[in-house]
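Here chain A shows up in two complexes: once beside chain B, once beside chain C.
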Partner chain A sequence: MNRLIQNEMMKLIAKKRLVVIALIIGVLVILFTYAQYKQVETQREKLGTSDWRTTLQQQIVDTTNRLSSSRISDEWKKQLQISLQQQQYYLDHDINPSEPGAPTFIRIFLESSIDLFIPLMVMVIASDLVSSEHSLGSIKLLLTRPVKRWKVLLSKYITLCLAISLIIAIAGVLSYLISGVVFGYKGWGAPILTGFNVTDTGLNTSEVKLLSQWKFLLMDFGLVWFVAIVVGTLSFMLSVLIRSTAAGMGVMLAALISGAILNNMVSSWESAKYFFMVNLRLTDYMKGTAPPIEGMNLSFSMMVLIIWWIAALVVSFIAFTKKDVY
Partner chain B sequence: MEKKITLAVKNLKKVIGKREIIKGLTFDLREGEVFGFLGPNGAGKTTTIRMLVGLIKPTAGSIRICDYNVEEQFQEAMNNLGCIVENPELYPYLSGYNNLLHFARMIDGIGEERIKEVTELVGLSDRIHDKVKTYSLGMRQRLGIAQALLGRPKVLILDEPTNGLDPAGIREMRQFIRFLAEEEGLSVLVSSHLLSEIQLLCDRVAIISRGTIVRIDTVQQLLANRERVVWRISPLEKGKQVLSSFTSIEEMEDGTLLTEFDEQKTPEWNKQLVKAGVSVTEIYRKMPVLEDLFLELTGGDTIE
Partner chain C sequence: MNKNTIRSITVVAALFCLIWLLGLGWAVGEYYAGQPEKVPTTKLVNEKIENKKGITIVALGDSLTRGTGDETGKGYVGVLMDEIKEKTKRPVQLTNLGINGQRSDQLRKQVQQTEVGRQIKKADLVLVTIGGNDLFRGGQGLEDFATEDIAAIEKDYLDNLKFIFDQIRKNNSNANVFFIGLYNPFIELDQGKEMSKVVRHWNYDSAEISAAYPKIVFVPTFDLFELKVNDYLYSDKFHPNSKGYRLIAERVASLLTW
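Take a look at the complex of A and B:
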């Protein structure tokens, strides 16, 4: 099996797909960094030239004053305490809250690329892993070796998983290195609010807590990786079923884009929540954004994705081992 | 003593949709023999070959390679088989060496030494580290053979091995295949739609038409009494007179004469022509074309 994976890796590297993907990510990160930089600049102009430390200190004093007041509710008090902690952290660690460091940039980048950009990059690799062997004709050589068909497919699938992990690692490293040039490399320990729960009665903040940025990022990376694996597996299945790479890519692209559109308009169509493509924005649950359809939460979305993932795997393996090759 | 049977096909059938593409083929290949698979395009050659190598599942019948059933003991059967189905479609973006490495990794116990061996055998040592996309068709064909030989197979299946090669390349390929059969004792199955090629290359031939084997025979038997001699002589009328006293003649449109071919008699007729003062500009043997052979064997049932 190891040797088969070596083979697939050799082909993947020779095709230079990963280099292209790294380049695309690099260019996009540069673009986003510049956009972010512009945004920060405008904000600074609005706020005036005064030192941000004094402003922050003033805010902390304000918050402390409000906390000592007896008229506010417990819930509100808790929220204020959290924001106080946050502000104190910024002051202690000399971080300008309106100027994000590289870790913050990574977080924003991951959150906004989880449903389209990262899946797209994954698709570039996954969608031609099997179908290219068909269009090249090399499938005939591949399947006439003394190796069972399911092993050939498994080696391709493992290679895909490795490539996906690599893509996400590249995205992380590149966005850290490039954005750090502009925003600085600090901010791993910055506190992030999480634990919001959107329930029927509204926003439930009872479990809200502060998490260090690096912990939060780790969770974000995990979710992005999970989404990428599911999307990769689905395109992998299409690559097995449809012999043309372009057609497979087209179908997957249509599904992803329809997911982005559906997200904005399916709130009244409840059964749409079983589509995989409306469940891709897993990181939103961490931020506490309201889900597109009522009743969706992190574990529900993950369950839906896992079911799609298993189905895609089963279909791929059955089709690949049973199909006549012409 | 009879030589060992390396490939045994029994009552092989394939139905696609409602159409029966292959209608029950039975044939054997023996050690050290080159077996021709002759038929027009669309006769079912490629479908049969794809079943032999395990790419297509047969609807009925059995295929045994060195006594291993291709369907049930796929790995063992494939260990004894090397093949090129249609063109050798190797990875153009890899070097020849990496292509061989790729396929060697898929066979147990095949290392770099064997790669070097087969590279030398097909004469590609100079260019083996170049990318395959820079290779000529003949080199790709040779790399394809190298790839097929990697696992030291007992049976080699080549689908149209001379397709697209120039005359020198065809000759080289032919010699190479004969070498493999005679010196290395491989059984080679070669498919072709060209009778002339099969005739020069093979020991035995199966003629296949519309999914059935019309006839299996040795090449000599198949072509016996079917060769013709073409004569270009002048003056024509006098030559005709002389020749027709020996055999029946047929006058062609381009002013040549066609007679039967006979190892002993043909030179004698030539002598007589010269004696009678007829100058002979050209004599050559002519192969029956596949279509003619088909007409004869199948009684009018030609290429679909």
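Take a look at the complex of A and C:
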């Protein structure tokens, strides 16, 4: 088994996929860093101060004014109200919600890339793990060895999990190093609030907890990793089922993008919450924003994802062991 | 391909895999755990006032402060700020806390917030507009201004105003405070004359209250809009337009002393 994994790992590294992914992440992080730097800069210019309390107070007033407009939808109104209450809570407790520094950047980066960007990177590796063996013809060589088929597939799957872990790590390290140049490398100990409960009546703050940023980040990383594993497993399944890598990738891509779109409009279609792609934004639960559909919470989303994950695993192993290879 | 590199990459990957798994477990645990750490609630407002270079303006109040109706989006506060910038050649920092539709009881709550208090503390100049929504209530004021209710509403408004001024003075005994009076947007309507009477009455009482405090100046705007009111009103026939805001700003600007 160990040998098999080593072998798969060697193939993966020889393909230089990880390097490509690292490059993509690097370029994007540079872009985001610059964008955020610009944003902070314009805000400072506009308000004439870099005092975060003033900025936050101004944001609160601005949001209040947007709420008073009659033209916004109820959905959006609720979202705004929740973020308003949250901002006020931060202000009342004298905690800066976005302490400047690289760790905060990582947090924002993770939160915004969890449902599309990181899964895409994972797909780059997962979607041709099996199907490329078909297209290269090497699958026959692999299967003629005196090893059980499920072992071959398992070794591939373990390699995928390892690669995903590496991708998440690369994203973390790169965003820390690059954004630190601009924002500074400090801020691991900055306090952050979690445990906001979104209820029908608004925001419940009775269970709010104070965490250090590094703890919060570790949790975020864990959630991102979990999402990446599930998405990776799904595209792994497609790679087993569909011989064409492009087709498998297309299906997965369509699913992910539809998830991003659905997230904005499913609130009235309740059964949509059983799709895996509307459940990807796990970090939002830690942050305490309103879920896309009423009644969704962390355990629900994780349950849905786990079920999809198990189903994908079962399907891929059955399909791979039963498949005729010619 | 070196075998050792592959092995070490595998080991590193496995290590990260474990760390992320740990993070995941922790996240789930933390999400459902009770509340171990208490959020500090007794944090005092940062007393240290940052060393300022320019002039700090804090604007409180309703849509007039916000600048609703001004196509340029500045409102009288923005116009005034530009003017001060030009005159003094110093950087001006503006914190506009105006909220559309705000009534005096809401402003009363707002000025009690710690952060708002801190902003007032820092200010060199405080601008206030309030009362318009108490009196007109989106046009409803036109119907019941003659009834007895209006007296009760005015009493509440004056109480709130006193409280607001108290709060401002408590936080900052130095800054000049300009309280912008009411104008009558309905002056050309049928009941305009009677409405004007009520507005004048409110303005008079507000001015009396302002006069009881040091350095709180009541700035009348009633006369500005008395003739040709429609030239200075936005299409909602309630808020001033750019020209109207400019009038108010100029009046306040002429009162400034350095």
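Basically, the second predicted complex is superposed on the first by the 275 of 326 C-alpha atoms of A that agree within 3 Å, B and C clash if a C-alpha of one lies under 4 Å from a C-alpha of the other, contacts with A are read in each partner's own complex, and residues count from 1 in each chain.
The rule is simple: contacts are C-beta pairs under 8 Å (C-beta built on N, C-alpha and C of every residue); 3 or more make two chains touch, one makes a residue touch a chain.
Just so it is clear, the model here is predicted, and its values are computed rather than measured.
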Partner chain(s) touched by A:81 [first = chain B, second = chain C, both, neither]: neither
Which superposed partner A:58 touches (first chain B, second chain C, both, neither): second
Touched partner set for A:6, first chain B, second chain C, both or neither: both
Which of chain B and chain C A:221 touches, first, second, both or neither: second
Which of chain B and chain C A:91 touches, first, second, both or neither: second
Partner chain in contact with A:194 - chain B first, chain C second, else both or neither: second
Chain B versus chain C as contact partner of A:161, first or second or both or neither: second
Per-residue contact with chain A, leading partner among chain C and chain B: C
Partner chain(s) touched by A:39 [first = chain B, second = chain C, both, neither]: neither
First, second, both or neither for A:14, with chain B first and chain C second: both
On chain A, positions contacted by chain B and by chain C: 6, 10, 14
In the complex with chain A, residue positions of chain C that touch it: 1, 3, 5-7, 9-10, 12-14, 16-17, 19-28, 30-32, 34-41, 43, 45-46, 50, 54, 66, 91-101, 113-116, 118-119
Touching residues on chain A, where the partner in the complex is chain B: 3-4, 6-7, 10-11, 14-15, 136-138, 140-148, 324-326
Touch list for chain B against partner chain A, complex: 50, 53-57, 74-79, 81, 83, 85-94, 98, 101-103, 105-108, 147, 151
Residues on chain A engaged by chain C in the complex (per definition of touch): 5-6, 9-10, 13-14, 47-49, 51, 53-54, 56-58, 61, 64-65, 68-69, 91-94, 161-163, 165-166, 168-169, 193-195, 207-211, 215, 218-226, 285-286, 298-299, 302
